[in-house]
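Here come two complexes built around chain A, the first alongside chain B, the second alongside chain C.
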Partner chain A sequence: MYKSTGFISFVLRRFTGVALVLYLFTHMWVIGSVNSGPEAFDARLNLVQTPFFKLAEIALLAAVVYHAFDGIRLIIVHYFDVTEYRKSLFYAIFAISAILVIAGGIPILLFALEG
Partner chain B sequence: MRIFQMQRVSAIALLVFLTIHMIVVHYPPFHIDFNRILVRMNQPLWKGIDIAFLFFVLIHALTGAYMVLTDVERFNKYQRVLAGLAILIGIMAFIYGAQTILAFSAPVSVNAMVR
Partner chain C sequence: MAPFSATIRVQRFNPDTDDKAYYDDFDLTPERDTTVLDALHMIKAEQDGSLTFRRSCRHAICGSCAMNVNGHNILVCKTPLQDVLNKNGRVTIRPLPYLPVIKDLVVDRSSFWEQYLRVKPWLIPPEDIPEKEFRVSPEEVTALNNAETCIMCGACYSACQVIGLTKGYIGPHALLKAFLRVKDPRDAASAERLADLAGSDGVYRCHTIFNCIDACPKDLNPTQAIETLRKLAQKRLAYERSRVQRQRSLQNPIVVD
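Right, the complex of A and B next:
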């Protein structure tokens, strides 16, 4: 059971989901300072623009992309009669996610390395 | 069942809003500061799009968090409390976020610069 694609996708979906909820409220906290003026906004933004957070954006991208594509897979499996393709769909979304994370991660990495 | 449907509907809405958000705001990655975001946040259409995005993302995040928590046996008996908490956090976060978006207006000097 623990090696089935269904279980792996369930765990990854939950894990990325919880991470994204935590990110959402942090994001709202940062953007919430926009009405306090440029200095206050930039000061709060600077807290999350350290090299560590810039690199963490790659993990964020991975979480968003995987969570979104796994959601699309779930919707397809739920609303269309494709149960027998469940496994193939999981591998497909995993491959698409990996390609998108690499494609999107490289510019983020280069930007982070610029300092 | 209602929560499950809210998850699905908000997920489909998020696929649209998140794609727009990622392309317009975050890709390609660049240094974000106050001046970068005010051009977009100052436009009524973007205010509407951002508020709709906020609405769906909060529904998706809070129903998701509720489902993750109630899956844990220990929390299952607190379903009503957790639902109430999720609704309360959702309303508070929506008011905070929407108020931030609606109240935003670029400083006069920057307005002139943007035009």
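Right, the complex of A and C next:
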């Protein structure tokens, strides 16, 4: 494959998009059980109240943040003549995503460690 | 100028004898001003006459010698060898990616030319042509954004990941040419062109990866041309009306948005 910053961005966008769709189905599977009563809902919720899933929420946050901001970057590229700033835009999105994931990930991590 | 040592790693493939591609290393002592193409010539003349590659003008205008050097598509005739050597004095030369290899560094560009012809890259003049010449304003020429200086080397086409994933995609080279014709106030078929470009293999297939801009040896901007075509495709009937109006006044140039 022809490697470039744009390709890394493209792959990450696809990857996070598919991951978010998979998460959405899992989310609906858990929340949808509320129709079967409180016991069924609690039972299903307990399945995802494990340390693994709590840590996976950081990955979920990263996917949401990156996918959203990369989408905003694309909208900017589509509607404004900014192709000469393409590299700066890539790195700005990587940096913004990293900052937000760290800022949001710390409370999630502390919550996961609490128990 | 003092000579220096360099190791040229070249991807080789002979369809008559090889099952898959492999690499050959060639050690050279080139001069300071040796280009990558000169190095390939030195290998062919002095070490291995079977090394196969395309070249013609040696002045970066024919577009024959586009190759993948250290992972980037460039014209080897205008690239100094020193600029692409790593700290160990090595450089890796491969054929253009995503295109079938005919032999060594020569690729089959059939799909490249098929897509080029698909967009009808020639001018389709209106029925009513002016008595003298078509008069085009400086602003209209500027709007073409130097797209006419494309040398059809294929560097952008084979750098585009969408080409690797979707063979039907028209490609940045042909879309740049289509942009040139759509924005040309003398052309009479912008509505039909935009209708074709708005199809599933056209401008909306581009994923805005920007490899075409980075690969272009002439510093052209196919991505911006594609973005412009996307906007025009959304309002192509309005654009067609403005074109007709513009052509009626070709003797009195005005700026067309």
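Points to keep in mind about this one:
Just so we're on the same page, the second predicted complex is superposed on the first by the 112 of 115 C-alpha atoms of A that agree within 3 Å, B and C clash if a C-alpha of one lies under 4 Å from a C-alpha of the other, contacts with A are read in each partner's own complex, and residues count from 1 in each chain.
The criterion applied here is as follows: a residue touches a chain if its C-beta (ideal position, glycine included) is under 8 Å from a C-beta of that chain, and two chains touch if they have at least 3 such contacts.
Worth saying up front: this structure is predicted, and the values here are computed from it rather than measured.
Using the contact criterion defined above for the overlaid structures, shared-chain residue A:Leu45 touches chain B, although it does not reach chain C. Once the two complexes are overlaid on the shared chain, A:Lys3 sits against chain C while remaining clear of chain B. By the touch criterion defined above, A:Gly104 lies against chain B but remains apart from chain C after alignment on the C-alpha atoms of chain A.
Once the two structures are superposed, chain B and chain C can be ranked by residues of chain A touched, with B on top.
With both structures placed on the common chain, the touch criterion links A:Gly71 to chain B but leaves chain C unconnected.
Shared-chain residue A:Thr83: touches chain C; no touch with chain B. By the touch criterion defined above, A:Tyr91 reaches neither chain B nor chain C.
Comparing which residues of chain A touch chain B with which touch chain C, the overlap comprises 78. The part of chain C that touches chain A in the complex is made up of residues 68, 71, 73, 97-98, 158-161, 164, 207-211, 213-214, 221, 223-224, 227, 230.
Chain contact summary for the complex, chain A toward chain B: residues 14, 17-18, 20-21, 24-25, 28, 31-32, 34-35, 37-38, 41-42, 45, 49, 57, 64, 68, 71-72, 75, 78, 104, 107-108, 111. Listed in rising order, the residues of chain B touching chain A in the complex are 8, 11-12, 14-15, 18, 22, 27-35, 37-38, 41, 57-58, 61-62, 64-65, 68, 93, 96-97, 100, 103-104, 107. Of all the residues in chain A, the ones that touch chain C in their complex are 1-4, 6-7, 9-10, 74, 77-78, 81, 83, 86.
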